[in-house]
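Next, two complexes with chain A in common: one pairs it with chain B, the other with chain C.
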Partner chain A sequence: MMINEAEDEEKWLAEGIAGIQHNAFYMHRALDSNNLREALKYSAQMLSELRTSKLSPHKYYDLYMRAFDELRKLEIFFKDEGKHGVSVVDLYELVQHAGNILPRLYLLCTVGSVYIKSKEAPAKEVLKDLVEMCHAVQHPLRGLFVRSYLAQISRDKLPDIGSEYEGDDGTVMDAVEFVLQNFTEMNKLWVRMQHQGPGRVREKQEKERNELRDLVGKNLHVLSQIEGVDLEMYKETVLPRVLEQVVNCKDDLSQYYLMDCIIQVFPDEYHLQTLETLLGACPQLQPTVDIKTVLSRLMDRLSNYAASSADVLPEFLQVEAFGKLSNAIGKVIETQVDMPAVGAITLYVSLLTFTLRVHPDRLDYVDLVLGACVKKLSNIPKLDDSRATKQVVALLSAPLEKYNDIVTALTLSNYPRVMDHLDNGTNKVMAMVIIQSIMKNNTCISTADKVEVLFELIKGLIKDMDGSDVDELDEDDFKDEQNSVARLIHMLYNNEPEEMLKIICTVRKHTMAGGPKRLPFTVPSLVFSALRLVRQLQGQEGDIVGEEVPATPKKIFQLLTQIIEDLSTVPSPELALRLSLQCAEAANDGDLEHVAYEFFTQAFVLYEEEIADSKAQVTAIHLIVGTLQRMNVFGVENRDTLTHKATGYSARLLKKPDQCRAVYACSHLFWVDDQDGVKDGERVLLCLKRALRIANAAQQMANVARGSSGPVTLFVEILNKYLYFFEKGNQQITGAAIQGLIELINTEKQSDSATPDSASDAFLASTMRYIQFQRQKGGIMGEKFESIKL
Partner chain B sequence: MVLVLALGDLHIPHRAADLPPKFKSMLVPGKIQHIICTGNLCIKEVQDYLKSLCPDLHIARGEYDEETRYPETKTLTIGQFKLGLCHGHQVIPWGDLDSLAMLQRQLDVDILVTGHTHQFTAYKHEGGVVINPGSATGAYSSITYDVNPSFVLMDIDGLRVVVYVYELIDGEVKVDKIDFKKTTATTHSAH
Partner chain C sequence: MNYLVGAFKPPCNIFISFADGRSRKQVPLKKENGKTVMVALFQSQENIVGEVVIEPIQGKKVEHNGVKIELLGQIELYFDRGNFYDFTSLVRELDVPGELYERKSYPFEFSTVEMPYESYNGVNVRLRYILKVTISRNYVSNIVEYQDFVVRNYTPPPSINNSIKMEVGIEDCLHIEFEYSKSKYHLKDVIIGKIYFLLVRIKLKNMELEIRRRESTGSGPNTYVETETLAKFELMDGAPVRGESIPIRLFLSPYELTPTYRNINNKFSVKYYLNLVLVDEEDRRYFKQQEITVYRLLET
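Here is the complex of A and B:
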């Protein structure tokens, strides 16, 4: 059916075009022979093609344009009185004899154009006449086009200020009056093209109506171009008249289009000054009009206007733009109860953008907008519309981007309330946005109160929210989240120890709620934050005598103990061990022997009871020994206990080579190169000898298990250690002992069961080179090394 | 001319949020041929970032690294130089140059790169050179107070290596350089 219709239309259009061309041909002949009568006759016939009702707007336009082009030629002919001999006044009367109204009007307008140009009559009178006569065509499509023709030919002949048509007989007011009248009539015609009817028909009609809308809108454009239309005239005459028509036509398609047109076509400063009038029209429009989009576009325009230059900002204040806009929005949302969430929120996003551009310093305004949004969101259950959610995220991101400083956003009391209305997933997305904003801008959050607010905002990341299932979350995403939180902790800082301690306690309070999954990520950051504070206080010690000072290293160590204990819920013994050792060292630096001892105890207990993996044990023992080696705060008894434990565990590692290395590492526990460091030569040697025994045992085991002994690397390592202490002046280590060890190594290498190994060969070779080098040094060192006979 | 970036002990996110912005803007992809990292990154994100600077990335395991499978020690040859890499917490006493020299002899390398102390050092001894690039983020260390963020760039050219150390002191990047020369070329024995 539809295809046939289209085919028919093509046929009719073709017929119409043919008709026009046919008559145009004869019209041209008449023009050439200066035959006015014939010219009028054929032009009238030609214009009769426009009387058709069979064409859709799109096709009718095609036909119209052809007629339009032909009429231009006719106009030229009309203008040249010499050719046809009739005065324009008479011509004006003559064309009214055309048989049918439509051709009559087109011809009249064409002559009218010449008439006005001739100045034989005032422009205003001719225009008035024409615009009223067009009233005779009430068919919507035909009427629209003929009035459009009138608008086109009159465009450059309006009595605007500075135009040649201005004068006693024509003022700007007349021009405006003319355009307004034409506009009003055109809109009425347009509205009459109802788009009622069943589905497909209605769609088609709506489409057709839309194709014609620019014809109507053009008039507004013309009005905006009239020089004489200043703010005063716009305010007093143009806008009220246009709005009157918009409201009275009671047609949603027209209202939406025209409101938007007004906003786009007239200057922004006009809108500012007529804001009340413009907004006042909104509640009077049909309820089906998408007023929120209109308002959004208005606010976007005004936002851009504000951004264009700082000079315009006072104007906004003067007209109380914010107040008027937020009231208008409030009313719209109130009256349109069925407006979906996304619509309302989009409005608020536009208003917020506006506020941030125009009144960036008015945080109270920003908060108001957020508050209004909260109110709207409270009336709906949790958002599940993804578009609405996106808008909320846009709403929340706008202040962050504008202020580049999360601290400002933290002062907006409604900010967290808006976040509360997000679903868990989006809440976390927003939390990440906030964290990223902080990291990007290197923002420092410097009070416990602000930290409190911040952690409230990002609580979706810090702990399990109701309804969310941590297990559902992708592991990598979860890690990213938690690592972000861990990094964030370093941005929370205050130079003032009291406040810093408060911050640490606040963070702890929140991170503890995170549960075993999150603690391994957050605890280390918190611990090191606290250790930095300890170091700061240790640096200041001495200045704060006698005052009631809550922030002391001791207090912080107590807190640290508890924090590390939290890890037992995970459990995370390796991490806890490392952190305990860090604390021990810090306590050592602060001369707190008991505290340091407690931390070592904690570390040993973790080692004994919870670290079973042999590789993990090797690292753990090295960390314990390495830390202990640096301790200078311990008295003899405590030190002995701890070294005894350390060496004991070293010797009990699973693999012999690991045992060997750990034990000779322990030798350093008995020799500290400091001035008052322990230098127990005997016990050093005991360790090294023990290591040697283990290395031997390892060789024998290898022989038995594999049939050949392993590389002599361990022996060479021990040899190096002998040399180390020999150099440092350990009397128990003699040149002879070293000699013996070298011989032992060589014997091992040359034995039948030895496996050649280039690495250990190279190691031995470089060690021997070192001995040579030392011998050649001369002086005391040289002498010493001379005692090693090679 | 071969550029080798040596850095480590970033301790992200445990002790630092990120590299200093001034360092980040200096480290651009495509300029460096090798990266050797002493360890304690600590998370994969940092590894990915380093990889983006240069695909030839070598990492030794630090005690806080999330990835437990990085090697304890690593050796590689660049031009005429044999380099060794180790985090350093395994060598006791920590930071002790004589003990590090022993490791260097054991690995049989010209240049040993280690970390752990967060303190930049470049030390020449009989057996070669020991370099510690410090902590690229200036992370807290129980061993060193007042850590300045630092990293090292080595320019290896024939038998000569120029070590550039970049340190962030009071907000400004200060550069220093040290020259080292090898006396004999590396013999590539069959390993």
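Here is the complex of A and C:
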């Protein structure tokens, strides 16, 4: 059926076009022979084709344009009085003899155009007459087109300022009056179209109606083009009249389009100066009108205007643009109860954008907007509409982008309250945005208060939110998030130790709430951040003597102890151990023996109680040994205790090779290659010998277990240790001992059960080459190495 | 031609002419045979002066019992065919009985002739003025010649000319108020007016203004009424809504109107009406008819 309809329409259009062409042909002939009577007759017949009711607006437009072209030729003929011999005044009457109204009006407008040009009557009078006579067409479509024709032919004939038609009896006021009247009537006709037809074709009709909107809007465009419409006149006449029509027509399609039209066609400064009036109309529109888009566009335009030049900013202040917009939005939201949250938020986003552009210095405005948004959202605990969520994210991102500085956003008290309305996922995304913003701009957050606010903002990342489903978390995302938080902690910095300490305390307070999954990510950052402070304090040690100083390394270390303890309960013992060692080292640098001892104790306790995995144990032991080796703060007693512990644990590792390696590593505990480091050659030798024993045992065990001894790698490694200490001047390590070891290795290699291994062979070979090299180098070292007989 | 001129040629030609024939205004007049001829135009109280020329056919003599010229104002009712009613009849004897051998002219004059009625050519009635020259003869039929002329009488603009304003409607369906600026119009006048729609509950399609002429002839039981629609002028296209006001501007000049004639010699009347017609989408017609008076204003 629809297809038939379309086909029929094509047919009707074709018939209409044929009718126009046919009559136009005779009209042309009449024009050529200067026969006015015939010309009028055929032009009227031609125009009668426009009386059809069968065409859709689109097709009707086609027909109209063809008639329009023909009318131009007729107008040229009318202009030339010499051709037809009738004065324009008589012509104006003559065309009104036409029996049908539509052709009569088209002809009247055409002659009217000539009439105005001839200046035999004031433009004002002719225009007034034409616009009045057009009342006769009450059919919406035909009426719109005939009035559109009137608008078209009159455009260049308005008695505008500076126009040739302006004079005593035709002022710009008349021009405005004319256009306004035509506009009003056209809009009425346009609105009336909605009331036609049954419901099932309604949608189609609305679409068709929409196609006609530019005919109506054109009038506003003409108004904006009139030179004489200055701000004063716009304010006093044009805008109130246009708005009156917009409000009174009570049609959502029209209201939406026209409001948008007003905003687009008139200059920005006019809008600025008439904000109150324009905004005042908004709450009066139909509830179904998409006001948010309208207002958003207005604010966008004003924002752009503000951005265009700094000179215009005072205007904005003068008219209190923000206050007015803010009020208007409030009212609109209030009156349109059914407006979905997304609509309201979109409005706030626009307002915020506007504020940021126009009043970048007025943070209170930004906060106000956010506050209003919070108020609006207060009756919905969490947003579940994805579009609304998107808008909230936009709302929150806007200040960040503008200021490139989260610090500014932190001063906005409503900022976190808005964030609260986001669902957990989005909240996290937003928190990430904030962190990324900080990272990107290298923003330093330098007070504890700000840190407090910041953590409030990103709490979605810091701790589990109520009701969030932990299982659904994506592991990778989670890692990313937590890594970001860890990075963020490094951005919280203040040169002032006291404040820095506060910051650290604040961060601690928040991060500790993070639970077992988060702490491993965040605590290291926190610890290192604290250690940085410690080192800073140590750097300026001379200055801090007074008891009053709040930030002393001791205090910080106390704090650190607690932090690490907390971490160990998570449990993440390995990490805790590492951090303890770090702290111990820092304490060492600060000459705090007790503290350092304490940390070591902690490390050992962790090792004993928490670290059960053998691999982890190996790593831990090496870490402990490595750290302990560098400590110089301990007295003999403490040191003995610790080294004893370390060697003890080393020897008790599970795998023999691991034991061996740990033990020979322990040898370094007794030989610190510093000026006044410990140099206990005897115990070094003991360690190495013990390592050798273990290596032997390992070899034998391998023999028994697998029927082949392992490679000689362990021996070569021990040989290297021997060489190291030999070189460093440990008297206990003799060339003979080394020589013995080399022989042992060679024997092992040649034993039947030895497994050939290229890696250990190469290792041995290069070790031998080193010895050779040292021997040939000569000097003291050369002589020393001479004692090793190969 | 109702007058039997004769199967044979008349023995003479008669010419009737007016003294100011060249300068006098000529107007078209439709004859019985459908042809339009231009004839002289007079108004009441004018002197009708002219000359009758009788020209015998070469070599013939015309014997007669006298020659006279008559000025006749006749009303002819078509249903009463052949019956003329002369409301005006003036006679001038031009010649005493005798014989005519050669061309002879007779001047004549009717001074300040009372011609109260205008020439009119209607559907059922005709009012005409003629000059009739009769050459009376014995034994054979008289020789007669006619000359039509047209009379138009001018009226000064009426001192009172009220507008026509009226509210009409169908209850709960349609209420309109229309206004015509005047009740009396001259022939080249313009009807200006407005139609206000006070209530519209029916779907209108368009609206027209008709000019209707009502010609009534005869009297009593023998009255014949003939109504013609002279003009159909579309005023509005489409369906108006409440509160709309539609302008009326109708130029009368293109239409062939006559002044309103009221009870002309008790024989006939011609009246004019404006008929406002509203047509709805089902082509039902709603109308309201109002009489207007048409008068002839002296053209300057």
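To be clear about the criterion, the second predicted complex is superposed on the first by the 776 of 790 C-alpha atoms of A that agree within 3 Å, B and C clash if a C-alpha of one lies under 4 Å from a C-alpha of the other, contacts with A are read in each partner's own complex, and residues count from 1 in each chain.
To be clear about the criterion, a residue touches a chain if its C-beta (ideal position, glycine included) is under 8 Å from a C-beta of that chain, and two chains touch if they have at least 3 such contacts.
These figures come from a predicted structure and were not determined experimentally.
By the touch criterion stated above, A:717 is placed in contact with chain B alone, chain C being left untouched.
In the overlay built on the shared chain, the residue A:622 is in contact with chain B alone; chain C does not reach it. The partner that reaches more residues of chain A, of the two candidates chain B and chain C, is B.
When the shared chain is aligned, chain C comes close enough to touch A:143, but chain B does not.
In the superposition on chain A, A:294 makes contact with neither chain B nor chain C.
Contact with neither chain B nor chain C is seen for A:172 once the two complexes are overlaid on the shared chain. Once chain A of one complex is fitted onto chain A of the other, the partner contacts of A:258 are absent, as it touches neither chain B nor chain C.
The intersection of chain A residues touching chain B with those touching chain C, taken from the two complexes, is empty. In the complex of the two chains, the chain C residues touching chain A come out as 206, 231-241, 244-247, 249, 251, 253-254. By the touch criterion stated above, chain A contacts chain C in their complex at residues 51, 93, 96-97, 99-102, 104, 132-133, 135-140, 142-143, 192.
Within the complex formed with chain B, the residues of chain A that make contact are 439, 442, 479-480, 483-484, 486-488, 490-491, 521, 524-525, 528, 531-532, 535, 578, 582, 585-586, 589, 619, 622-623, 625-627, 629-630, 665, 668, 673, 713, 716-717, 720-721, 724, 727, 758-759, 762-763, 766-767, 769-770, 773.
By the touch criterion stated above, chain B contacts chain A in their complex at residues 11-18, 21, 43, 45, 63-64, 89-90, 92-94, 96, 98-99, 101-102, 105-106, 108, 126-127, 140, 142-143, 145, 189-191.
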